[in-house]
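In what comes next, subunit A is part of two complexes: it sits with subunit B in the first one and with subunit C in the second one.
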Partner chain A sequence: MNSSLLVIEFLVALLGLGVLLADLWIAPSARRTLAYVATTGLLLVFTIHAGALAPADGTAFGGMFLVDGLANFFKSIFLVAAMVVLMVSTRFADRLNGYGEFVALILFATVGMLLTASANDFILMFVSLELITVTFYILVSFQRNRLSSVEAGVKYLIFGALAAAFMVFGITLIFGSANSTNFFEIAAKQGELAKSPVFLIGLLLTFVGLGFKISAFPFQMWTPDVYQGAPAPVTAFLATGSKAAGFVLILRLAYGVVPELSAKWSHLLLGFAVITALYGSFCGLAQRSVKRLMGYSSISNAGFLLLGIAAANDTGSSAVAFFLAAYVFTTLLVFAGVTVVTADGETDDFSAFGGLGQRSPFLAAGLTIGLVSLAGVPPLAGFFAKFWLFKAAALRVADDRWFLVAILAACVAVVISFYYYFGIIRAMYWPRHTAESTPVEPSIPVRLAMVTCIAAVILMGVFPGGLVSVARQAVAGLGPATAPAAHAAPPVAAH
Partner chain B sequence: MTPGLNHYLVVSALLFCLGLFGVLARRNLIVIYMCLELMLNAANLALVAFSRFNANLNGQVMVFFIITVAAAEVAVGLALIVALYRKRQTAHVEDLTSLRF
Partner chain C sequence: MSPVSFLILLPFLGALAILLTPAKHSFAWRGTALLFSGLAALTGLSIFFDFVPGSAGFQMVGRVDWNSAIGLTYHVGVDGLNVGLLLVTGLVGFAAVGVSSEIEKQPKMFYVLLLLIIGGALGSFASLDLFFLYFFNEIALVPTFLMIGIWGRGEQKNYAAFQITLYLSLGALVALAGLICLYAMSGANTLDVVVLSAWLKEHPLPAASQTLIFGLLLFGFGTMVGLFPFHSWAPLGYGVAPTATAMLHAGILKKVGLYALLRAAYPLLPVGVAQWTGVLAVLCLGNLLYCGWVAMRQKDLNLLFGNSSLAHMGFVFLGLASVSVIGITGAVVIMVAHALLAALEFALSGYLYRQAGTLELSKLGGAMRQLPFVGAALVAALLAGCGVPGFANFAGEVTVLFGAWKALPWHVVAAAWGGLIIGGVYMLRAIRQVAHGEVSPVLAQSTDAGGVNRAPYLVLLVPLIYFGVAPTGLVDRIKPSAERIVARATSGLPATPAPTAAEPAVATASAH
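== the complex of A and B ==
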């Protein structure tokens, strides 16, 4: 058994268990150290993952677990997101009962995300997605004494369980028609499977489950409520890690497992992409709660990402990977600011951000950079990410006129979203009436996290070349022809 | 007449639709949650049937995973519903109204 491939996952799981144990002996006042220990541990895991000790490409557990470029790329994203979320959550520690368990749960959710990135079998895909979802049920409702947090948790629970049920039934139908749950084996016989209606229904139901994770229309109902009710650091992780976990699976399924079908269904995907982007933009207009607004922003961005999936070309897959990397840093930056503001005040209303330009220039500057990047203004990361996604779709315009319509609609969505992103910036620098004047002070870990994110957002925007080539390499192995031939052989030899 | 694969699949699809109908139509959180479990078990029945008729044991392995995950989900879910009841003195979906813009 080639289980050394799972070294990253093992280490993070061990770290989580260690934190859970250490929580029993540590005084409640010193629980913040657990977050620092966990962040340092994740940093060590990250150096292993990025360095020479990283497991080589290959498969383990009878082809269930796969390490390849795409998996490694997304694992880096998940580890970075977890580190930033942990550092930012230290500012929130006083409001979370049982902070040690909070840290451990973040780590367990990270293990789930790492496993989804490597899932090469519908069984592992389901189990790792559920590991993320069940952990997030607890995390979302972690502020048990706040009604909105518990209510958000229950809503996430009902929608999450419904999506899981659809996905399980979909996987069942896929298993029934393909007589296998392995991605490579299904990819090898996708031609004949595409004619089986049972397989098609199964695939659609599986995409329902994934659509819930990435909050694509029409499975986005939970997003604004849950984003608003959950504690701010949890919302940050939900918007980055959980969403990227859904997209890594969609990328793998659409580009690696059933590329022929997804090319055939590109109009369906395109329709959902456009509706999702427009829905997120229009509904965000009337919002007064910043966390809720970020929920609609997250829906809108899911729409842009689906545009890259629908494009079904190499540019599309690498643009999705690039967009997610940029999106994770940008969103974490915004939520770091939101966390600090909501940790002091009760509300996350626009008024809580009023006059932030005077109350904390650093925080306001960080938030502004994040929001401007989300809006897609050059030269920040968000601009290049959107540009490349639109380029991927534009490459298809020549052979399919509908892509032109989709790009125009997406541009409308971008322009509308300008209005609400700049609404927050206006509230920070030019408040209508200054309700608050108490200065807010971000702690050193939060500053560190924000500076990292700011640097990443600016660097990715000004010098996108480096990440572009990394993203291209990451998705290179996804090609329909190469995947089964290149990877299916090793496990047989390894046994 | 011995029941064939299709009989099992029809029963499974009926159970799934029954569960879905319950989730959409009922208003009590506990009942909704029971209906969600019914949907998962519909999938389990279909998996076992496919496994038996296609002579592939992978389906039965999947059933074990689903049962385990469902148990974890129920443990967390019921705890959440109890926490909500303590806070709000209700388990009805109409009363989940604190999150609005």
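== the complex of A and C ==
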């Protein structure tokens, strides 16, 4: 057994247990220190992960656990997201009863995410997803004295349990027809399995479970309520880490395990992609709560990401990876701002953001950069993410005109989303009648987190090439997509 | 560094300098903005006069392999198509900073946003890589939104800010879809027009793809220009925008869409040109006649200017639809002239608004008596707007009509000529209402622009007259590039029996 491959996961889990223990002895007023310790610990883990001590590619636990480029790419995303969320959550520490547990739970959820990135077996996939989901049941309802938080927790519990039931049922069907739950073994006989209706149903049910995680239509109902009710840092982690965990599995399944089937289902995926993107955009129009709005934005972005899955070509998989990296930083930036603004007041209505341009120019500028990047305007990360994703779809236009329809529909969704993203910007900057004039000052850790995100969002937008190369290497291990139309552009030497 | 890169860099450096200047040195904000936009105007002038006319190639090229893995290069340079546009962008940018002394609220942010718009416009005109053309153009989007919202005027600014943002981004995204299709389908893995055009000469795209991409580009970029029937965002947006934003938008940013069509769609997609110019010839009449007709009925000077600028775009589209060397040369001349004209119009209307507090035509009057300089400049601008000889607009419009006469059916040209008459009607009426007559009560207390305050208007008016009297300076630079574009745009029509493949081929295409 090659358990040294799991060193990252072990370390983060140990860190979580350590925080849990330390919480017993530490004074309640000093609990914020736990978050700083945890962040520093994660930073150390990240340096190990990114540095020379990182485990080499390989499998462990009888092929259940896999370390490859894709896993490493997403592990970086998860670790960064956890660090930013922890730093931002310090602003919330006074409002969270039992902040030490909160920090530990974030770390345990991170372990679950790290495991999903490395899952190479339907069983490990299910277990790691449950580790994430169960932790989030508690995190979402962490403000036990707030009714909306508890309500959100219950909703998430019910929908999450339903999704888990679908998925585990699907996995039994897959096991029944394939006689294995290992991704490699199933990939080896996918041609033969594709003829088995039981296998197909099992796979579809698994995708249903994953659809819940990424809030794709028609499994998106929980998203707005839960996003609105959960404490802002939890929503941030839900929107970034949890969604990315769903997508790493979808990427691995669609591009690595059953590429032939997913190419065959390309129109199905395309349909769901477009409906998801449009649904998120249209429903966001009427929202006045910023967190709820971000829920719809998250649905819409899931639609764009599915477009990259439906494209079923090399560009598509690298575009999904790039998009997620850009999306994680952008969303964390927005939620950092939202956390600070909502930490003192009770509401996250647009009005809470009124006059922010004068109350805190830094926060307003940070939020604006985040929102504009989500809308997809250059020179920010969100623009290039959409550019690359649309390119993946455009590569298919020549042989399948439905992809053109999908691109244009996605453009419509983007334009609609402009309306609500810019609505928040308007609330922050435009002269108002009711003057909320208390200045807001983000603390130093929050400032640090936001500056990191701003720098990442701008760098990814202006110099996307580096990340594209990394994303390409990350998805290269998934094997070439076998879709008939997945021809990449012939390489041309730069003239 | 190529002077063109230097030119693009200047406004961004200026924005950064203002951003880093603390509030206790607030007097330096406007000075810095004037300095950097002035330098940009001078650099634009020097590029224009250093440009060697008579060659079709790119000059003063700057190239950085921005990222070879994804095939996108930072590639800038000038040819006849953009050398004039870069010049007027510098001039209009300087004038826009110059007329902004009225801004009292949050001046720091104002000048930063203004310089970002100027830099974005310069970058998109200079870029030879279509990715960067789009990239720079979109940089102006958010500043426009914020400027209308924070410094705009009137009750409708909220609506107008969203309308202009959504319209422009819809147009931009459709164009982006076209560019991405071009990027993905060409197989050249680049959006650099120079490389791409060489590649497509060897490996032309299938006719269906060309038609598709050209359609996306035409309507996408067309919306950004205000092509009928996607034009309704423009007049209101300009009406409520602060003066400097309206000047840059109506004068400069609107030309980016036209420029992109000439830079990308025409030379790269010859079959698409043949397929779509007929549609374009009809739609441009919508701009010329319908928007002109709407302009006639306006009671507000800014809305009149907004609609008339759409009508002027109709002439540019007519020139594009002719696909002839004369027509396209004329179209570029109009683009340059109209940039100066629209900026001058909005600068003057901004001055009037500050003095009178209203722009309602019925309330204004006697501007020539009370404000001799501004009134005279306004009369000059309005005369230029109706195509009086002696202004650069005349040179462009008459050239376009010559080009269209040979290439397009006679009734299209006749209708366009009718558009000129409509233009005469509303412009002359505006002269009578605003400039002549008794001094109206709202203007009774007003003071004329004097001393250095005249500079922003003169910076726009002088070249407008100079290019009107001596258009050869412009035409000589444009013509070789127009020839190259037309040669490429008409190369995709193998099945035309006509000996001169250029004009007649398009005439038949547009007659369908």
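Observations on the model:
Everything that follows uses one rule, which is that the second predicted complex is superposed on the first by the 476 of 495 C-alpha atoms of A that agree within 3 Å, B and C clash if a C-alpha of one lies under 4 Å from a C-alpha of the other, contacts with A are read in each partner's own complex, and residues count from 1 in each chain.
Criterion: contacts are C-beta pairs under 8 Å (C-beta built on N, C-alpha and C of every residue); 3 or more make two chains touch, one makes a residue touch a chain.
Quantities reported herein were computed from a predicted structural model and do not represent experimental measurements.
Residue contacts after overlaying the shared chain place A:448 against neither subunit B nor subunit C. In the superposition on chain A, contact is made by A:468 with subunit C only, not with subunit B.
In the superposition on chain A, A:7 contacts neither subunit B nor subunit C. In the superposition on chain A, A:155 makes contact with subunit B only, while subunit C stays out of contact range. By the touch criterion stated above, A:275 is placed in contact with neither subunit B nor subunit C. Of the two partner chains placed around the shared chain by superposition, subunit B is the only one that A:292 touches, whereas subunit C remains out of contact. In the superposition on chain A, contact is made by A:390 with subunit C only, not with subunit B. Against subunit B, in their complex, subunit A makes its touches with residues 122-123, 126-127, 130, 134, 137-138, 141, 144, 147-148, 150-155, 157-158, 161-162, 164-166, 168-169, 171-173, 175-176, 179-181, 224-225, 228-229, 286-289, 292. Those residues of subunit B whose C-beta lies close enough to touch subunit A in the complex are 9, 12, 16, 19, 23, 29, 32-33, 36, 39-40, 42-43, 46-47, 50, 54, 56, 58-59, 61-62, 65-66, 69, 72-73, 76-77, 80-81, 83-84, 87-88, 93, 96, 98-99, 101.
Note for the complex: subunit A touches subunit C at residues 368, 372, 375, 377-379, 383, 387-388, 390-391, 394-395, 397-398, 404, 407-408, 411-412, 414-415, 418-419, 422, 425-426, 429-431, 463-466, 468-469, 472, 489-492, 494-495.
Those residues of subunit C whose C-beta lies close enough to touch subunit A in the complex are 65-73, 131, 134-136, 138-139, 141-142, 145-146, 149-150, 158, 161-162, 165-166, 169-170, 173-174, 176-177, 180-181, 183-185, 187-190, 195, 198-199, 206, 209, 212.
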